[in-house]
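The next block holds one structure in the form of structure tokens; read it before the comments.
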Amino acid sequence: MSLHPFGIELLQFVLLLGLAPAFAGWVKTLKCLAQGRTAPGILQPYRDIRRLFGKDIVLAENASWIFRFTPYLVFGVTAVAAGIIPLISVDLPLAATADVIALVMLFGIVRFFTALAGMDIGTAFGGMGSSREMMVASLAEPAMLMAVFTVSLASNSSSLTQMVAVMGHAEFVIRPSLAFALAAFIMVALAETGRIPVDNPATHLELTMVHEAMILEYSGRHLALIEWAGMMKLTLFFALGIAAFSPWGIASDGDIGALLLAFGSLLLKLAVGALVMVLIETGLAKMRLFRLPEYLGSAFLLATLGMIAFFILE
Amino acid sequence: MILLSLLGISILVALLLAFIGDWRYAPEINIGGSLLTFFVSLVLALQVYREGGSIAGSDYFFVDYLNISLVVLTTFVSTTTAIFSRRYMLVEREHGRVGHWRMRFYHAMFQLFIFAMLIALVTNNFGVLWISMELATLATVLLVSLYRTPTSIEAAWKYFILCGVGIAQALFGTVLLYFAAERVVGAGGNALLWTNLSQVSGQLDPTVMRLSFVFLMVGYGTKAGLVPLHNWLPDAHSEGPTPVSAVLSGLLLNIALYALIRCKALVDGSLGSGFAGNIMMGFGLLSLLTAAFSMLRQKDVKRLFAYSSIEHMGIATFAFGLGGPIATFGGVLHMIVHSLAKSATFFSVGHAAQMHGTQEMAQIRGLIRGNPAVGWGLFLGVMALAGMPPFGIFTSEFLILTATMKDAPLLTPLLLLGLAVAFAALFRKVQPMVTGLIPAGQKQLTAANIPVFLHLALVLLLGIYLPGFLANWFHLAVEILK
Amino acid sequence: MTHTFAVQLNSLLAALILLTAFALLAQRKILGLVHIFAWQGFFLALSTAVIGYASGEHHLYISSLLTLVMKVILLPYILYTLVRKLKVHRDIDAVVNIPTTMLLGIMLVVFSYHLTAPIRELSNLMTRSTLAVALATVMLGMLMMVTRRHAVTQILGFLAMENGLFFAATSATYGMPMVVELGVALDLLIAAFIFGIFFFHISTTFESLDVEQMAKLKETD
């Protein structure tokens, strides 16, 4: 029995929307365990979102349409990205319309509007957060593209589904280029999703926060949407990493058995990936802001080295 | 056997000097060892002359007309330098600039340096050539900083680092050479032997050889002090003790140039074009011009002559780059007469600086009145270096100019300009030093005059009369480079 | 170990050597630099052994052992002791800021690739593609010596260049003749002896190992 491609697409949307809070909860639980605290449980993010949906919205007097429009846009665009990244199968009709460059651009739109909304109210924190976020973005995006391009080179395509299809069936070869690209990707992904050592998602300390400073003025369902989108983004980056660097197990069509298998392997990989991230986060301290250019510069360098290694050595 | 004793003596003397330390007769042992090596080299030269051609001692060493000339030159100059250094270092000790340990070190390193240069000259293997060049550098680095003054340490560090970087390029060039050779000669140690490579140079891959030569040029060019790789040279040659300056300027630069022309011969054989020659001409001309103009601005007397060394190395490199029998003959002759004249000048300069307690030219005055031997020695040495007839440098420069007019007439004005500026700079700076009244505070000392005038006499002799057998000899040396 | 696997492993090691060359450019702490240098030597020794195994050129095992002893144990140990003894703990400032140095470094890698392309065409050895990495390591070592004005970093740059040259020899021709390799190692040993002496001289004369202070010798005007 096989599922229609549009069915798979739909399934992916549902999967991402549903799975993202649980994944965020899993990360938080692991982190609590690593720090010796009592975890609130994997389901806590669901409860948070439900609570926020139930609350009223408090809007600043001078909030413009941008401020009100941004949460919906952020949520919508992030969800669209789920249609491009092969979570469980490569048989995605939407994926033909957008490749990995478009994906990076989608994330760019999200970031752009969040930054605008941060400045919209005119508070000091919002502006500060926006400016920091844009600095990180301007450095992280080139590195991100370079890292993914290296994989594209190895698979001769910039389409994610194509990359997965090729890499998933290649025999095992030691490829220095991919090793470098993976290292760079991890570094950039930590920056893009606002994790330690670039940003601390758990802090509201004025000197250090980046992403939190931008969304400080949000409340109620706006905040719920933005938080949810943030969790989805985290999940998507993991999915992207999985698709690019360890695509084994992702189904090549809509066969139910293969899909179930893919789902299982996805869960496993996410769980392991989160563990790795938590280990990194626990092992590192947050970097001073002006060291960030160097950190992201190194990521860019690694990605470029990966690309060079592809040409020189492979 | 003779070859081995040539190399063995200097290393044994080096060990002996390191072992016995600053014994009273250490300078004499130093002289004796050098003299012995000189005699052995003469015997070897005679053997080459009699047997007419090259002697391959084994796979490792060989001598032909070209390198035996330089071996004799090297051992001769090192002997006279050792004689000079005995008197000179005695004065330095009295002035308290060097102590017990450093003298011991100085003598041992001096012989080690000679050893490294001799290996570089007689080795058959391009890899060993590189190793001994590096060894010669390392042996002299600590000699340059012998006085431990801030400036001497700075100069030695610069020398160490810049030459290290430079010579690393030469090793890469050697790797490429080996790569090209291996495809023709086959793998193993034989692929780097000059005696094998010169036979098959026509079969070496031109692309690789071209690349290889660029690296070799940069590497050995740094050691030869060619502009723009010369930055370390004025410092290193001016901050060390004067005997060290004399052998660095007079001998080590020659060895680097020797390595370069051996490589050029191979590349020419492979490419069959003027590629290597053009690069060398460019470097040579640039060195000549830059050094000539820099000489105008110098205040330190030893720096002045360090730049003069760059200038003369430039001329010789240019000559070898130009190629052809006349220019190459001029180049070989130039290497020899420059070496003799430059070391003689440094000997005089060393004594002059000791008399005045400074190396600043503005304070050195009235040398001819103060100490006629030193004064005249300096004056005549400078005249020789400036290319005045009837000294030998005039002859070699004249030959090179003639060849330039014939083969590259457009470059003649540049060459003439460089020579004229260098002449003007030397004359302007040195004339007030040797003439005039004795300044207050000038000290008297017993100078070592024999080395200076022996060298100058030889330079003069080579200028007015080149014995038939010697001319023939040089022609045969030139043949090798074709 | 199959032949293809050896080639892949060697490529990976080459990539790691290149990475350490860049890490040397990026690292600020002196002891960190010494550690990275030791790692570079280790990868080099391993790569030499792998090439020796795959090509059947068993003299490479000796070279590999020599590298291991010299560049992983002896030289880092000497440097480590010197740095401890001379109390050089401060971070080292670079003349050019680090990101710019990195970009320059990338350009040098591309340049080396371009330069060695003809040899890659000609050679039929399994290691032909790593020659570009070797030359790049040499160039990066040179860049390090130019951009870092500290005695220890300059020496590390020098040693990294030596690593690159050694790697070049194994990549291009499966190593130089034995007499040459031994000679180069001997030179390196003497050089180590000399820079050790120099560190003491410089630090006692200038009260720091910062080479920037050594600027007395200039062209006089």
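Order of writing sets the labels: A, B and C. Residues in every chain begin at 1.
Definition applied: a residue touches a chain if its C-beta (ideal position, glycine included) is under 8 Å from a C-beta of that chain, and two chains touch if they have at least 3 such contacts.
What you see is a predicted model, and the numbers here were worked out from it, not measured in a lab.
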Dominant chain pairing [most C-beta pairs in contact]: B-C
Centrality ranking, top chain (CA atoms only): C
Computed distance of Cα centres, subunit B from subunit A, in Å: 66
Gap in Å, rounded to a whole number, between the CA centres of subunit C and subunit B: 31
Inter-chain centre distance, subunit A versus subunit C - centres from mean C-alpha coordinates, in Å: 38
Residues of subunit A engaged with two or more neighbouring chains: none
Contacting residues of subunit B [partner subunit C, same complex]: 60, 125, 127-128, 130-131, 134-135, 138, 141-142, 145, 148, 150-151, 153-158, 160-161, 164-165, 168-169, 171-172, 174-176, 178-179, 182-183, 187-189, 191-192, 205, 207-208, 211, 235, 239, 294, 297-300, 303
Contacting residues of subunit C [partner subunit A, same complex]: 5, 8-9, 11-12, 14-16, 18-19, 22, 26, 98-99, 102, 105-106, 109-110, 113, 129-130, 132-133
Touching residues (chain side subunit A, partner subunit C) in the complex: 173-177, 179-180, 293-294, 297-298, 301-302, 304-305, 308-309, 311-314
Subunit B-touching residues of subunit C, taken from the complex the two chains share: 115, 118-119, 122-123, 135, 138, 142, 145, 151, 154, 158, 161-162, 165, 168-169, 172-174, 176-180, 183-184, 186-187, 190-191, 194-195, 197-198, 201-202, 205-206, 211, 214-217, 219-221
